[in-house]
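Next come the structures, one after another.
In the two assemblies presented below, chain A is common to both, partnered first by chain B and then by chain C.
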Partner chain A sequence: MTARDSRTLGSRVPGGGRISIENSRLTRWALSGLGVILLLVFWQAVATLLGLDPQYFPSPIDVMDALQRTWPTLTDALPHTLAAAVVGYLIALVLSIFTAMVLVANERLLNALMPFIIGVNTVPRIALTPLVIYWVGFISLSATFLANYVMAVWVAFFPMLIAALDGFKNIDEATENMLAMYGATTWQEFKFVRLRKGLPFIFDGMKSGFILAMIGTVVGEFVSGTFGIGSMASSVIGQIAIGRAIAIVLVLGFISSGVVFLIYQIESQLIFWQESSIMGEE
Partner chain B sequence: MATASNRPFAKARQWIRRQIPTVLAGALFVVAWAVIARLINNNRIFASISYTISGVMEHSTDISIKLTETFTSVIVAFVLAVLLGIGLGLIVAEISTIRQMALPVVIFAYAVPHPILAPMFIIWFIIGGDITIFTFTGPSAYLFDSVTAAQAETAIAINGVTTFGAWVGFFPVFISTITGMNSLEERFEHFGTLLGASRWQMVKHFRFWRALPNITSSIKATVQLSIVGVIVAEFIASSSGIGYEIVLAWKTNALGYMFGVILIIMIGAYLFYQIVVWTLKVLTPPGSV
Partner chain C sequence: MSNQTTGSSQGTNAASRESLISFNSVDKIYGRDSAAEESVAALEDVNLDIERGEFVSVVGPSGCGKSTLLHMAAGILESTNGTVEINGIAVQSDEHQRNEVGLVFQHPVALEWRTVRKNLLLPVQILKENGEIEGDMDHYRERADDLISLVGLEGFESSYPNELSGGMQQRVTLTQALIYNPSVLLMDEPFGSLDAMTKGELNLELLRIWNETEKTILFITHDLDEAVFLSDRVVVLSPRPGQIVDEIEIDLERPRSEDTRGTERFVELATELRQHFKRL
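Moving on, here comes the complex of A and B:
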């Protein structure tokens, strides 16, 4: 806090530095804000000037209208979707880190399983959605919504696992030799070196992992039709209500970019030794 | 010159050696499948291999038609995603004002769980109608006697499914084009200035080539994403493609058929990925894949 204040103070001193960091950050924020405003204005102008049918090509104001009208249903549906996504995400996160630790500790097991992990990661896992729903429905028909939880785990797990594996293996030879010389146990290896070295990778996996968990849940709801944001969105197709579709996208987009931003904030607080990026590694 | 004549042979041997883990994993998968099916011993819970094969055989013409449809959509989506991603990426990377202005929108669009957008794309093309570029008779008409040319007709079209697939696949290419273009080393920057290169020449001779490795690696990610996009869109845009076939199999409790279709999608995705990687290797200069 004081550091930032002094930096801003310093930039006000005449002749103190050429262009201050804060100043250029301000311009960047202003430009970003301007971009959003321009987009909205352009969109509204096109819709109004061309006299487009608000049912098919709604203006931002029409979207706000639709949002207001669907708000009660939306707030009813949101907890279902978010619960599935968040619970699934957390399970996948814990599971992926734990599995990665076990695999990195047993190199032979890792080598044996690697083609399988890579294989599962490169096929479209989402195609399994109907099968998962079928199986969950087989166990208990009234608990079909559990399929959404399973889908969230299934879709988010493998990319996070690979990120954690990459992270834990990210130590150079000199460190490895040093650990061997000190006779470090596997647990000590993780405690002192690997966990810390792997953290940036794990955070990158966490950012895309949350989006993936949301994707799994939403597609699960698309197919199974259990009450939630996904089934709300797919029912819009029959009603041809674009305004509502955009409103749903906006709500879910803000939630998920909010969570990604939150993870990014935690990351930049926790990982002080290197720069973090909001997008993560693709 | 024994080495020269040995080279293709050695290369082939090396290639085979590299395939061993994949083949082993595949074999293990089949064995695991057979064992689990034997243990559960109920085709309604877990389809055995023979039940899956019979399920696929029963619907072989449907699968063949729908598969052609889906993979045609995937190719259209993939090409759109790559072209738009590189094109827009070049523009946005070059003009930093636009980059800064577009940043919040890009982050938002990246963070949205993309399936939620699929209904929008589908509705728009319900209203506006598909843009069909051209149609051709799919291979199913030649493979099966029972399939007429009209049934096997496949369209290369820009529709809800393909545009959504393109949207999903677009982001990795777009973002890595920007990242790649902006990570040109300073010495080349100076070198270009020294030679008096115009902005366009900088892009053409330096920045684009700096971005190429980033672009190729993102294209590999786009392969899977465009398949995911197309299948998700087919889940909800009723009556089209292999995605709808899985849903149909689920609704009719045809587990063997479902297993078969999923397996075929997986294999198709794997083959498509390998083809794209191979094409990239051939088309781009060495070292960029």
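Moving on, here comes the complex of A and C:
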């Protein structure tokens, strides 16, 4: 019996299929843990057995050691980076949903702007980081750190906009006919149907959007040298302290995964009528 | 009234009685406004008058414009030529009253995040906000409960659509069309996707509801037996472009039951209808 089958059974016959779900979930967690441990052991073994120079090829133990030493600086820098990434992310999210609503409500405008949106979404926006920093510095030199916020918005906005557009347009003919039948206004279409039907798409955009906002901020700091994780990473790499660089990247990875997991939790609460794709069945 | 003066070539007796739904020389051509698409004539010169309280079915080969006919009466589509009137008022005019018409769709359109009761009240919310219907929400909540028991969904008021079977979802769609008490019920192959047993059951239930609520029903189907079993009159459309090629009065006694399907007259009428079909 597959996990999906047992899930269905579980919901129909309370108690009946539950045990197998718990088991398979436990097995999944155990396998994931085992995978991580095996990978770390392999990495440590290669580094030790080949006698690699820890300055260039640090082992997991070296990385942990570096993390410990760099921790005070890291915790100083982290709030700056997180503030820019989270605030930029939220601005991009609100903007993308609002813009998508306006565009879906005005099909002509949408058609006119679509080439631009797809175009901007396709270019490596991160390559324009120096330009963003330059322009923000042009407005106010004392607020260069704002460029990191702008970077988060700039990198995360377009993919989230496209996700929201897809979401709001995700409406089947029958539902469209029903709305036309009752003479629903555009706002009513959104209020009663589109905002809900769009949620799965919007949440997918939100998950990748946060990772993008984080990248945007870190690269912004990297290039502008304003205090934060990005500039920290850039300086330790300059010092060829690879262990510390890996430690910093790991911390960022944990934070991003944590936020994505949080978004996923909100999603599964909000979209109770369908399963999310990213985490599989629970 | 303008629709009374329009000479109908089909209904010889319809003109003298009150017609609730009337199609007057209706043509529908798709894709005529855009040069890129090839235009397709879906319906041609359709004249059809349906009296208050009548149950009329429309049958025809697939793609003959059956659904188009219905969607024009629902105001979802506009006719290319001719007018569709409900109660003597053109559906496309501003005076058209949306609360006069209910539509039961081919597939259930219940919204997944709304419970059965909330799905039922959706049309009321929309129509009320737009000032198309009067009355307070409590009145409609009560009515929703009545309808839920009318179609036998007691105990499922707080269920979500994905917890219901296809037949039950279709019952929800039916109650959704009845909630604001329209006088016209348009049904677009409502039982087409259901298994034979559920279909038979819902056919009987529909007749019971029709009898109790005194609606006027325009029913689209490709099931000829279903059409004979339910209707007062069956209208036969030709292949595209759809034209009315025949109308058969169904003089079977009412109330009808499962036994009706076994009567000689039923078989006769069904055979007659099938003959018409072979000729198409």
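One rule holds in what follows: the second predicted complex is superposed on the first by the 259 of 282 C-alpha atoms of A that agree within 3 Å, B and C clash if a C-alpha of one lies under 4 Å from a C-alpha of the other, contacts with A are read in each partner's own complex, and residues count from 1 in each chain.
By our rule, a contact is a pair of C-beta atoms (placed from the backbone, for glycine too) under 8 Å apart; a residue touches a chain by one contact, two chains touch by 3 or more.
Note that the coordinates shown come from a computational prediction; the quantities given were computed from them, not determined experimentally.
Following the overlay on chain A, a side-by-side fit with no clash is recorded for the pair chain B and chain C. When the shared chain is aligned, chain C comes close enough to touch A:Arg196, but chain B does not. Of the two partner chains, chain B is the only one that A:Leu39 touches; chain C does not reach it. Judged by the touch definition given at the top, the superposed model places A:Ala147 against neither chain B nor chain C. Once chain A of one complex is fitted onto chain A of the other, the partner contacts of A:Ser256 are limited to chain B, with no touch recorded for chain C. Using the contact criterion defined above for the overlaid structures, shared-chain residue A:Ala233 touches chain B, although it does not reach chain C.
Touched residues of chain A were counted for both chain B and chain C, and B has more of them. Applying the stated contact rule after C-alpha superposition, one finds that A:Ala180 touches chain C and leaves chain B untouched. By the touch criterion defined above, A:Val104 lies against neither chain B nor chain C after alignment on the C-alpha atoms of chain A.
In the superposition on chain A, A:Pro130 contacts chain B only, with no contact to chain C.
Chain B and chain C never share a C-alpha pair closer than 11 Å once the two structures are laid over each other. The touching residues of chain A, counted against chain B in their complex, run 28, 31-36, 38-39, 56, 114-116, 119, 122-124, 126-131, 133-135, 138, 211, 214-215, 217-219, 222-223, 229-230, 233-234, 236-237, 240-242, 245-246, 248-249, 252-254, 256-257, 260, 278-279, 282. Listing the residues of chain C that touch chain A in their complex gives 71, 74-76, 98, 101, 103, 105-107, 109, 111-113, 122-123, 125-127, 129-130, 132, 160-162. Per the touch definition, chain B reaches chain A in the complex via residues 21-22, 24-25, 28-29, 44-45, 97, 100-105, 107-120, 122-124, 126-127, 171-172, 175-176, 218, 221, 224, 227-228, 231-232, 235-237, 243, 246-247, 249-250, 253, 255, 258-259, 262, 265-266, 269-270, 273. Only residues 174-175, 177-185, 188, 192-193, 196, 271-274 of chain A touch chain C when the two sit together in their complex.
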